[in-house]
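The chains carry the letters A, B, C, D, E and F, assigned in the order they are written, with residues numbered from 1 in each.
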Amino acid sequence: MPFVNIRLTGGDEAPTREQKAELIKGVTDLLVRVLNKNPANLVVIIDEIEKDNYGIGGVTITELRKKSS
Amino acid sequence: MPFVNIRLTGGDEAPTREQKAELIKGVTDLLVRVLNKNPANLVVIIDEIEKDNYGIGGVTITELRKKSS
Amino acid sequence: MPFVNIRLTGGDEAPTREQKAELIKGVTDLLVRVLNKNPANLVVIIDEIEKDNYGIGGVTITELRKKSS
Amino acid sequence: MPFVNIRLTGGDEAPTREQKAELIKGVTDLLVRVLNKNPANLVVIIDEIEKDNYGIGGVTITELRKKSS
Amino acid sequence: MPFVNIRLTGGDEAPTREQKAELIKGVTDLLVRVLNKNPANLVVIIDEIEKDNYGIGGVTITELRKKSS
Amino acid sequence: MPFVNIRLTGGDEAPTREQKAELIKGVTDLLVRVLNKNPANLVVIIDEIEKDNYGIGGVTITELRKKSS
């Protein structure tokens, strides 16, 4: 029954359809295994965030990727 | 004054502009009626989620729709 | 199937158990009526926020209530 | 680097400290494995929600538990 | 280490890349200054919301902009 | 008019009432300055998260604090 929201970078870093299905399956299995939750109502939402809109340490991911490349 | 976030499937299941306006009006009226809240600062945000990004019971909505069709 | 999050002030402004049940019922009915959604998986979460932790216009609700009393 | 938010029922249904640590570890490992993400900045937040504040299908968890007991 | 989510109108009201970088830098500096937080893991996510999907006082921003123009 | 949510550790790391007021004022001023937003409807909510419920890099803050002390 829990609700899970996963927020990660999209665009050219977006997960594939298969990876998203695997994340949804994996996090559901984890909650069932650890907490014995009923999976029936367990909701997972994945948000893909543009790299200009995601910041770590005061810098956008766009900038971080430039520095590390 | 409350804040409300409604997250639902988008794409070919997305609500129309009229339906979104009706949801925003309806949830605002509900909070005013039940809690006597001032509607002036009552904020509602609707997020439309791709069916690949929304999972229930460990399966994406994309897969669920295939099974039920 | 949608997910709804309602965030409002708690403490001495918290809704009663009956009001919370009425909000959950009301917002579910609204989504069923406007969007014809299946209510079975429709999740609503209410968060009660302390007045020191909720700001409007740059001022906490704690301060706003003092000014208006 | 992703951000994950897990929202589940608290109170007498709250996970133990060990279970919460296991969830945080498990979801981090999942994202590293599936998406090859750097775990260093991967943030997980667990919110425990009162059963009066969590609704499914228009009914609070408090009510659902009564019916199923 | 805190997590910050900023939700604002997108489309023709969307902030520029430079403004988004400035917001991310600004809110990070604020949290470092006021709370002495380590900026290294401080995450900021900006969500741009369509004007049809954002309501204030029961009315969408789309409608509000028409009235005020 | 934007909505801002700040999530940080509570308990013995919780900000004081004055710090929370300063954060709310500061983030509101930032959005007004950078984006020229109307502060009237600008909402800020601060969530204080228990250290057992907040994880970075797969480890709870509770564990991280032990290691660094």
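Going forward, a residue touches a chain if its C-beta (ideal position, glycine included) is under 8 Å from a C-beta of that chain, and two chains touch if they have at least 3 such contacts.
Just so it is clear, the structure is predicted and the values come from calculations on it, not from any experiment.
Engineer: Using the contact definition given at the top, which chains are in touch with both chain E and chain F?
Structural biologist: Touches both chain E and chain F: B, D.
Engineer: Please flag the chain sitting at the greatest distance from chain D, going by CA centroids.
Structural biologist: Ranked by distance of C-alpha centres from chain D, the top chain is E.
Engineer: Pick from E-F, A-C or C-D: which pair repeats the contacts of B-E, with over half of them the same residue pairs?
Structural biologist: Over half of the B-E contact pairs recur in C-D.
Engineer: Need the most distant chain from chain A, centre defined as the mean of C-alpha atoms.
Structural biologist: Farthest by centroid: C.
Engineer: Chain C and chain B are one sequence twice: same or different residues at the contact, by the over-half rule?
Structural biologist: same
Engineer: Any chance you could check whether A-B or D-E wins on number of contacting C-beta pairs?
Structural biologist: A-B
Engineer: Through what angle, to the nearest 5 degrees, does chain A rotate to match chain C on its C-alpha atoms?
Structural biologist: To bring chain A onto chain C, one rotates by 180 degrees.
Engineer: From the C-alpha centre of chain D to that of chain F, how far is it in Å?
Structural biologist: It comes to 20 Å between the two C-alpha centres.
Engineer: Approximately how many whole Å separate the CA-defined centres of chain A and chain D?
Structural biologist: Comparing mean C-alpha positions, chain D is 14 Å from chain A.
Engineer: By residue number and range, which residues of chain A touch two or more other chains?
Structural biologist: Expected reply: 1, 3, 7, 41, 43, 45, 47, 56.
Engineer: Every touching chain pair, please?
Structural biologist: Touching chain pairs, listed by label, come out as A-B, A-C, A-D, A-E, B-C, B-E, B-F, C-D, C-F, D-E, D-F, E-F.
Engineer: Tell me, which parts of chain F touch chain C in their complex?
Structural biologist: By the definition above, chain F touches chain C via 17, 20-21, 24-25, 28-29, 39-48.
Engineer: In their shared complex, at which residues does chain D touch chain C?
Structural biologist: 7, 47, 49, 52-60, 62-63
Engineer: What part of chain A is in contact with chain C in the complex they form?
Structural biologist: Spelled out, the residues of chain A in touch with chain C are 1, 3, 41, 43, 45.
Engineer: Could you please specify the touching residues of chain E with respect to chain F in the complex?
Structural biologist: 1-9, 15, 19, 22-23, 26-27, 30-31, 34-35, 37, 41, 54, 56, 61
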